[in-house]
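Quick heads-up: structures coming right below.
In the two complexes that follow, chain A is the common piece, with chain B as its partner first and chain C second.
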Partner chain A sequence: MGNHGDIRPTLIEQYRRRAAQVTGVAVAIGLLALPALGLAQDAPTSAATAYRDIPQLGGSRNLIWVIAQLHLLLAGFVLGVPIFAWLCEIVGWKTGEKRYDKLAKEFTKLLTSSYATTALFGGILLFMLIGFYPKLMAYLSDIFFPSFVVYCGLFLIETATLYLYWYGWDAMQGTKKPLHLFLGFLLNVFAFFIMIVPNSWATFQASPVVIAEGSDFARAWAATWNPTWWPVNIHRLIANVVLGGYICGAYAGIRYLSAQTAEERDHYDWMGYVGNFIGVFGLLPLPFAGYWLMREIYQYNQQMGITLMGGFLSWLFILQAMLIGVLFLGSNYYFWLGITHRIPGSEIKYRKPIMTMLVILLLCLGVWMTPHSLVASLEEARKMGGTHHPLLGVFGVMSAKMTVANLMILVTFMSFIMYWRAGKEETAGWAKVAKALMSAVLVIAGIVVIVLGVWGYFVPAIIRINYFSVAQVLIVLFVMLTITPLTALLLRSARTTTEMVWGRMPPRAGYALVLNAVMVILLMTLMGYARSSSRVHWHIYGVMRDSSQYAFSPALGYAAAFMSLNTFLFCMLVAFIFWVATMGDKAKGKDPIEEKKQVPVGAYPAMAGGSQTLDKKH
Partner chain B sequence: MKGGVLVRSIILVVGIYIFLKFVLPLVTAPLPASLIFLYLTLTLSGILIFATLSGESTEAFWGPIFRFLRGDGQEGAMKLARLAVLLLFPLLVGWQTYNSTAPSDQPPGENRTIHPAPPGEFVGLSNPFQPTPENIAYGKGRYFSLCFPCHGNFDGKGPAAKGFNPPPANFSDPTTIAMLQESYLFWRIKKGGVGLSIEGMPWKSAMPRWEHELSDEDIWKIIMGEYDGAHQKPRTWE
Partner chain C sequence: MSEVAFLQLIGLSVVGLGIAVLLFIKARFARVVGFVAIVLGLFSITALSVPQMASLPPVEEKFDVANIKTASDMAAIGQKIFFSKGQCALCHSIGPSESARCPDLKGIGAKLTREFMYESLTQPQAYIYLDFRHESQPKEYPARMPYINKNPIGLSKNEILSVIAFLQQMSGEPITVSPSEITQASDTPPAQAKPAQTAAVVPIHASGLN
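For the complex of A and B:
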């Protein structure tokens, strides 16, 4: 972009104008750093260096970008998987169905094999941070030292628990199962704390709370409990489940595509279904959590909020809408493929409802993806009277986005309900009433959500944010909480008309699972960038400036290239880990008993070119 | 009805294109190409999703395309059509590529950030004056004498508005001042287009810088008058 030349002088000018302010901040930092002086006297040279760099390798910022992102993605996976592995194990234990236990164990295998790599990347990240940003790290260590200690302790017990949980799986079957489940519970508790402790460091950088007085512990505690800490904790917790679910789904999809035996096909088809289900399940509340986080950021600092939502980072949210859109479409597509292929003869019956849901989803996506200020040529902009379309510009604001997000969540939820009910016939006498009631709830909820969305344009922002948006979310939750138990009740007495058949999905189902996983990873790299670049030229917002040569925000295209690179590297890494971890399975698959179950000639592995005719012969 | 799905899909895409490109502009401003492209992509992905749900529908959708491209048993006109497609399609791709990389005298597409982040010193200010009828009336008076030429009757359609790009903000539109806090307006009025921050580029806004003409008191009162006249409320957090 040729405009960069113009930016610099303005930047400098701005800095100059803020010189007074910066001096104030510098004095404040100096005061805060007084305790560090004791250290500085022992090691005068280390205090003098603020930054180190390796320009030959692309520069410190890019290196940190890649390593931190990979570490975060791995960590998200490693912390998300135990949640549903454990739930899966409970289901297996309660229902006595062995396949759930097997699946839980398979999840845990993926988890155990990624655990070491996660720690490895954490280590690399730490060394790099210390090496590249000595001043910043000294400051952060000074504040967070107590929580560093806690973190190390947590890591020790988490590792021990994971070893016991994984290696004790077979030994703790039968009467010892509750003990094993308890270990799984502990694993999750520790994992949760392992996530929220570093979250406090990262959120502190965005919304610092610095108190000058008090003990070390009091200072660390105040810094930890900063305004965006809990919103990020919740958002990440849910997102980790989503990431874990979709990655396990992708793993199952690939195993399904390369399956050699009918048994394998059945198993991985089912595992893919479970993975997608977990992903969707997490995806439904995720926009709410994200909205809350954004709101807290806005309230904490209008400047940061506007940089993100209205300023130069707002384009990221259009990309986000696209990725989330693909994710919603991909997940629903997988549900719909499941209905048409796993439940023989249901195709005609569900064509109409699927079409309706698809159209609603697409309309919502159209609204969600419409930016507030549009990309337009000079000519076009002149005709519109600005980059803001007189009619479609109204889709560009939160009221519209919230409304369509809620509608998409409703539709996806109904996809799932439809899948759940497919192939079954309700026999209960009150089934008709119940079904009418559910439809009514759904339709009314949809209408109310839309009405609130439109009305939202005509009330003050605060009313929309505090009441309307909250009401929309509550309505959607209400729908889920009424329809789910009602459906469960209905299905308890239902007659199964068509048995679900596993292993019949066409290859594109497997590819859809992979696509979904890639979308989630891209989303995390995208929003990770948004989160850290919303601090703009601050290491710690308003407290410690970034005075390195990298204190500028890269062009969006450059950033997008890095997001893609990180996504690619992460996929390769995970593929490698899973490949190594499952090498043993393949060898086992060759044993004579398995050999006999080989599918007859004609039923090629699903990967075979994606040909329908091959599928049909099956 | 052979090829029915395919034909209907093509009709749908073309129909939506015609609607977006030619029908919609009858009632409102024409859509930029980027938006039309976005909506057509969505339509196309919807079609692909729906067509590939079952084995039969996939066959009905892709079958004719594949048969056509393979040239199974084609005669006469069909054969020619196939040849033409096979020749023209790569040419089309080449032309597109050329078009998008060749230097042109068109200015690049603009992605102006309408609401860039305000400088730190303007964050968190609040209006020191009470919204009494006198204050509002005073603010409106100042508004009509100074801002009206551009911003008009709070609708961005002042007599001078036509001459400016970007156009003067329309305060009645719920996507302008209704989304902003008063401190934001204070910054914009005081510093004007030249005071826009880095990401507000290109800095060619005609919004004057009022800090030399107006006292802070006047600006705060004008803000009140502006919200009142536009029937909007500023964004607040309480």
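For the complex of A and C:
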């Protein structure tokens, strides 16, 4: 009995356990099945769901706007920095100057943390897009699925290459350096493809093409190869170099402002110079790429072109002119500060040319910023005989703007050449001839650009666009491609009369570098808004209409508030990444410029305008 | 307070805050943040001081056949379409204009037949100019006019007939489109592309940047 009495509770316990297990499994199955039930229930509804919204958080579109913009800016930074770092590494390897290698390594260190942050924002963006725009995403997925797979593959390869490139930096020195450089090359190649794949999705939205029947891959490829894909690819590639350079400059500017020792000041002054140099290097061809993009947009659909240049977005280009103008002025100002502060005794010598260039830049900026139609009261409009000012209206058209843009590029280029040649005396026998030739090329180019600009008023638009504007661009490129190698040859045998002294720039130079970076970021946010708004009320232009409550494009003022917010958030994010990435160095108490002392004395200045002073000091 | 005034106030506050930081705070990083705030605030204020134009999606003109009694009713609808969904006024003017990029349409209804107008709207490349300014064979000089019956504008047949009615009325001509055509016409909207099958945009060549 006693046994029975013992067994029964055990059996009961077993049954209870089994029942509990069964119940547990049933509950688990039920819980697991809940989403399925939910999905099943929602299936007819979700098929019809085109949009979702979170009005409490400012609306889906605003959320997407902030996240997409931050992702894009971070992506630009992540893709721009490897180019920047790789170029610096090559310079360091070719010239033997360790400081370039050090600089490249410092910036590559940022990549790992910024890469993760970019991916994080990309993930958030993807979830938001799927959640808020299910219909659009389903449409795009249907077309682009093969490229999604390619994109994932590229990410895997890029990540592996980045790890090898970063963690193998010290191991691949000396004879293995070429291998490391090759890894850097691969890193940039994969990064380029990572950029152009999503570009195809975005450009397809703006300029969709007819997709014929065929395999999934063939359809994806047809959609990828849309009219604005390559112009955007090239424009973004150059813009990323500009962004990387100017952010490097801004970082150096901030560190320069807070530098405690003379060595730090020297180092960050030099770093600011390199950043500005690379930024300007990219900035000069950028307007050409922008022009090509705009031209393709017009050729694809004139309606879209008019919306951008003559429709409700026309004032945006006045703001763009302002930002680009400030950027040109800021970059030139930094060059001029460099000439007058780093080269003792040059203040008076270069005052006149600097003033001349400043006046030309300001005049050009004034023309570029002149709107085609003025904001005028009815009475003012009557007096003018319309919204076009009788005199200023002449400057509001494309012919004038193309001319001044080219002139500004020429002036900035000459600013750089002047900086390069400052403090040196040419000793070559043919120096006089070369200098006369360069002056002639410059003057003739300037005159021809102006003549073509004026002539452009008297020919049909199609002639101006297809021939005159292209000729202006080619002339400016010709000037750059002629004068740069000639100057390099001339300076090879030049005698240094006044050595550059680093670390003597005034604090405003640091702020100028920060200003330049902010201008570039603002420009990217502005043109992102332009590109997106040019589709007006279409998700995919002419194919899928935006039928949500957010189908309108907000006015510039409202949009500018978002651009400013996004720029600020991005700056703070980058500052945080820089802070985190350099935390280890500070903790170790290691002076980041210590290795600079290893620079061989008398090393040839690697970059145009560089100096041997830094090297000799150590 | 309007939205613009509110945003201007925020912009001014940000600039003021930035100036205060530069004046009273010594920490370098905070000063740089203050400087950035000033720049961004000034940018926002500048953007708020230019004309504020939002781009609203065009209201789709609904044809209520029951309300169309006369040809004038059609012309009235056509006028609305001309200045809204049809986007005609973006390039064309009615009367001389400095800003018009394309031909002045004043009196066009008297110059062209309705059939020709219909064809010009739906087949803008039907009669194209030849460019003889080059050697060898003359090149085609495609019209800048978009296909009005295709996306992104995508007017239906009824809408196009109404625009023609408006152009004729505006030219002082008798309207040759009758309401009975509207009733009889099957008002099929422009084809929306099915996923991954077609995209209805037709690239427009030979354009002008201005």
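Everything that follows uses one rule, which is that the second predicted complex is superposed on the first by the 540 of 618 C-alpha atoms of A that agree within 3 Å, B and C clash if a C-alpha of one lies under 4 Å from a C-alpha of the other, contacts with A are read in each partner's own complex, and residues count from 1 in each chain.
Simple rule for what comes next: contacts are C-beta pairs under 8 Å (C-beta built on N, C-alpha and C of every residue); 3 or more make two chains touch, one makes a residue touch a chain.
Just so it is clear, the structure is predicted and the values come from calculations on it, not from any experiment.
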**Request:** Label the relationship between chain B and chain C on chain A in the superposed model as either fit or clash.
**Result:** clash
**Prompt:** In the superposed arrangement, does A:336 touch chain B (first), chain C (second), both or neither?
**Reply:** first
**Prompt:** What is the contact status of A:461 with respect to chain B (first) and chain C (second): first, second, both, or neither?
**Reply:** both
**Asked** Just chain B (first), just chain C (second), both, or neither: which does A:310 touch?
**Response** both
**Request:** Have a look at where A:97 lands relative to chain B and chain C in the superposition and call it first, second, both or neither.
**Result:** neither
**Prompt:** Touching A:538 in the superposition: chain B (first), chain C (second), both, neither?
**Reply:** second
**Request:** Once the structures are superposed on A, label A:366 by its partner contacts, choosing first (chain B), second (chain C), both or neither.
**Result:** first
**Request:** With the two complexes superposed on chain A, say which partner A:506 touches: chain B (first), chain C (second), both, or neither.
**Result:** first
**Request:** Once the structures are superposed on A, label A:397 by its partner contacts, choosing first (chain B), second (chain C), both or neither.
**Result:** both
**Prompt:** Of the two partner chains, chain B (first) and chain C (second), which one does A:299 touch, if any: first, second, both, or neither?
**Reply:** both
**Stretch of chain B, among 117-125, 135-143, 153-161 or 225-233, that runs into chain C once the two complexes are superposed** = 117-125
**Contact residues common to both interfaces of chain A (with chain B and with chain C)** = 299, 301-303, 306-307, 310-312, 315, 373, 375, 386-388, 397, 460-462, 542
**Complete:** Listed in rising order, chain B residues that touch chain A in their complex are 24, 27-35, 38-39, 42-43, 45-46, 49-50, 52-56, 58-59, 106-107, 109-121, 123-124, 165-167, 173-175, 178-179, 181, 183-184, 197-199, 201-202, 232-238
**Request:** Within their complex, state which residues of chain A touch chain C.
**Result:** 138-139, 142-143, 207-211, 213, 219, 227, 254, 257-258, 294-295, 298-303, 305-307, 309-313, 315, 318-319, 322-323, 373, 375, 386-388, 397-398, 460-462, 464-465, 469, 511, 514-515, 518, 522, 533, 536-538, 540-546, 551-561, 563-564, 567-568, 571, 575
**Item:** Complex contact set, residues of chain A against chain B
**Value:** 3, 6-7, 10-11, 14, 18, 21, 299, 301-304, 306-307, 310-312, 314-315, 329, 333, 336-337, 340-341, 347, 351, 354-355, 358-359, 362, 365-366, 369-370, 372-394, 396-397, 399, 457-462, 506, 508, 542, 612, 615-616
**Item:** Complex interface listing, chain C residues touching chain A
**Value:** 3-4, 7-8, 10-11, 14, 28-29, 31-32, 35-37, 39-41, 43-44, 46-48, 50-58, 87, 90-91, 98-99, 101, 144, 146, 150-154, 192-193, 195-201, 203-210
